[in-house]
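You will see two complexes here that share subunit A, one where it goes with subunit B and one where it goes with subunit C.
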Partner chain A sequence: MNDKINVSDEMLNAFVDGQLVTEEKEQLYVSLAKDDDMKKTVCELRSCKDLVQMAYQQLPESSGGSSDGGVPGGNGARHWISGIAASVLLAVGVFVGWQLGPMQTNEVIHSASGMRGATNALAVADDDSTKVLFHLNTRNPEVAREALDELEGVLKFYKRTGQKARIELITNGGGIDLLRRETSPYPDRILALQKKYKNLTFVTCQNTIDRLKSEQGVTAHLLPGTVVIDSGVAQIMRRQQEGWAYIQV
Partner chain B sequence: MEIFDIFRRSRESRNQLEESRARLYRVAFSWCHNAALADDLVQETLIKAYRKSDQLRDPKAGQAWLFSILSNCYNDHFRRNRETEDIDNVTLVDDTTPETETDQLQIVDKVRRAVATLSEGQRQVMTLVDLEGFSYNEVSDILSIPIGTVMSRLCRARNALKERLLTEFEKQPGLQEAILRRVK
Partner chain C sequence: MKKVIAIAVAAMVAFGFGTSAIAAEKNPYVSMFGGKQKVVYHLNYDNPKRQKGMLRNINNHIKAVGAKNLDLRVVMHGKGYTMLETANTDLELQNTIVSLKDKGIKFQLCANTIRGKKLDEKNLFGFDPANDKVPSGVAEIAHLQKKGFAYIRP
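Take a look at the complex of A and B:
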């Protein structure tokens, strides 16, 4: 902890809001890896942002709004309540993940025997490598591209500097589209990244797959090498218990 | 052809304005927490935008331009009503989230109440960044304040929310039960 670098709260907010240039981000990733307090602050800021976004997903109906105007009315109540529930669980869970302390660390290893292709990457992180968890929960292709850009930047940085690192991109909600064969805007890039970086894992959430099936009747076909995990939220909490830096894109 | 172009541009700009209604309403509501007032502010914004649409030089800046009009309408409203209605005392109105419905909705209510207690400036900056994803530069233009002020207001707003919300949620029971059951 002697390597702590002073980073202002304004800078951390800018990091959370994606307002930093690449060089600044790289420096912050390095600082985050060394500073648990800073990781916690970033996580809290991200949780605040998530909570605010969640709180205004559903609004009292605008009388002048168009029928498809994005201010949902009462007819979709069940749908948006479940959406809010997921958001709340995610935002609160991410924060509470910090508070849980080191426990429940072995279930992943015990149950990972059937996993394809990414066993090493998903094993419990108890080595001295830097661990960064990226989280994508939107289907927006631009945001997905930013996620890939960011994780590739981090991978390149650690490769260039000869440091050990493990990177995981976890997707849930709309983010799963990035890893679905039918919808992924960047399948070739994902395969190329997997080939090039053995320390990179793409993960998605079984709950999201189930929800796609039950709500939209869609069967998700995933890109090769994608790891499926029961709950994205649980995985995020677990990773944070294990000391992973958490970055939501 | 020019006449057709004028009609086409006019129709396009009208459609764009209409598509922005929901976004404007969301931000207006997050500022005032009053559905009727938010609706009025959006109507006023769209009318002004439509009248001034020929003043918009850079179409890419259209959204920021619209929100700057909303900000002006919002400020004008409270300037007009300063004697009768203090922005810091606006009562939180929420027609669709009765407290008893679900725990999730209670949390929504708590977050909105926490946002409503922020200062006007902090609330405006935070909602433009968090709800609409505007960059700090764009927020600076929309609200006509320096970018440093944007950053400091945002920082204070989130710190205040952290204090109010996260410590409270941390104490809620049941949040530690989500455990990983299986990995394929």
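Take a look at the complex of A and C:
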């Protein structure tokens, strides 16, 4: 039996527009989780929708506020409705990102909007939590051990002091070796850390994986739980723009 | 009469902005609106050459920005503390550290490191446990970045 449910484009569009009823949505989430192509289509539709919204966005006016006295009633109501539509879209987007994100471990997330989904998946953290990004770009096992020591130390510190935190270790260049099954000097420790701290994520870079393949003919097999992002450097910039602290090991 | 006053005020404002713009041009790192440049240097390696290189970077940083325009802190953890041990027997290094401190640079060491490596605080050159100790080096660096400090690890 085929698991895939046939979902029409109209249905997906309605989903992206937030026009489906709850049961339909639930069904769609289930099919989305199973179908990578559909995921991609939804991502594309979402980014398309975002772009259209951005292009037609009116000048500074909060989504809920149609208090502008000069705007005629009908217009104000339309703003109000589009405000609700935007909020629903945002909620759906966040929810989809949140639902799909954890399942996409060890799988690259394409396209600009997909990347946003990935960012959501990694950073569901509340805004008041402290977010720290560690960066490892050497294969030196001693430095890698220091990196693990440091992130474990700070995880303990935040736990002890009752602060909400998210920690991410991004590896690129030689740093990827720490997360490769065939090369990692500390695979057990990494798995144990992941198990112990749900707010810790190990990340590596697709560019590095591609380079290993093309320059050395090596296929990287990653430790379970490793998240792959497009570019380590881009991720570092994104994270800092999102308010993450950056620490090079 | 009102008009004359208005023109005078306008001229004064323009002149004021003009001079402050010139002043800002002289030192591009000083904000027209006051406030210090905030920077944290991260030291967690034990290579003495590299450590001294970092202190040289800091010195040049101060020269470019001006000590009074700068809130610069060195946060040490991991192997970074070795710089303070080396300074016990290295007079040149001692002088560099002291002169940087005179310019308002703070050297801070991670309490976790002190505990973890069972360091003798008396054996760390110029270390004042009351002022120079932070609970966690990494958390301190994260905290400072949140407060707008730029992160540099030479």
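The criterion applied here is as follows: the second predicted complex is superposed on the first by the 125 of 249 C-alpha atoms of A that agree within 3 Å, B and C clash if a C-alpha of one lies under 4 Å from a C-alpha of the other, contacts with A are read in each partner's own complex, and residues count from 1 in each chain.
Note that a contact is a pair of C-beta atoms (placed from the backbone, for glycine too) under 8 Å apart; a residue touches a chain by one contact, two chains touch by 3 or more.
Quick caveat: nothing in here was measured; it's all calculated off a predicted structure.
By the touch criterion stated above, A:207 is placed in contact with neither subunit B nor subunit C. Contacts of A:158 after superposition: subunit C is touched, whereas subunit B is not reached.
Contact with subunit C, but none with subunit B, is seen for A:150 once the two complexes are overlaid on the shared chain. Measured by the number of subunit A residues touched, the leading partner among subunit B and subunit C is B.
In the superposition on chain A, A:231 contacts subunit B only, with no contact to subunit C. When both complexes are overlaid on chain A, the residue A:199 reaches neither subunit B nor subunit C.
Residue contacts after overlaying the shared chain place A:132 against subunit C, while subunit B stays out of touching range. Residue contacts after overlaying the shared chain place A:248 against subunit C, while subunit B stays out of touching range.
Residue overlap on subunit A between its contacts with subunit B in one complex and with subunit C in the other: absent. Interface of subunit A with subunit B (complex): residues 9-10, 13-14, 17, 19, 44-45, 47-49, 51-56, 58-66, 69-71, 74, 77, 81, 84-85, 88-89, 92-93, 95-96, 99-100, 104, 107-108, 111-112, 114-115, 122, 206, 227-231, 233-235, 237-238. Touching subunit C in their complex are the following residues of subunit A: 130-132, 146, 149-151, 153-154, 157-158, 161, 243, 245-249. Here subunit C touches subunit A in the complex through residues 42, 44, 77-79, 112, 116, 135-136, 138-139, 141-143, 145-146, 151, 153, going by the rule given at the top. Taken together, the subunit B residues at the contact with subunit A in this complex read 18-19, 21-23, 25-26, 29-30, 35, 38-39, 42-43, 93-97, 102, 104-105, 107-108, 111-112, 115, 126-127, 129-131, 135-136, 151-152, 154-155, 158-159, 161-162, 165-166, 169-170, 172, 175-176, 178-184.
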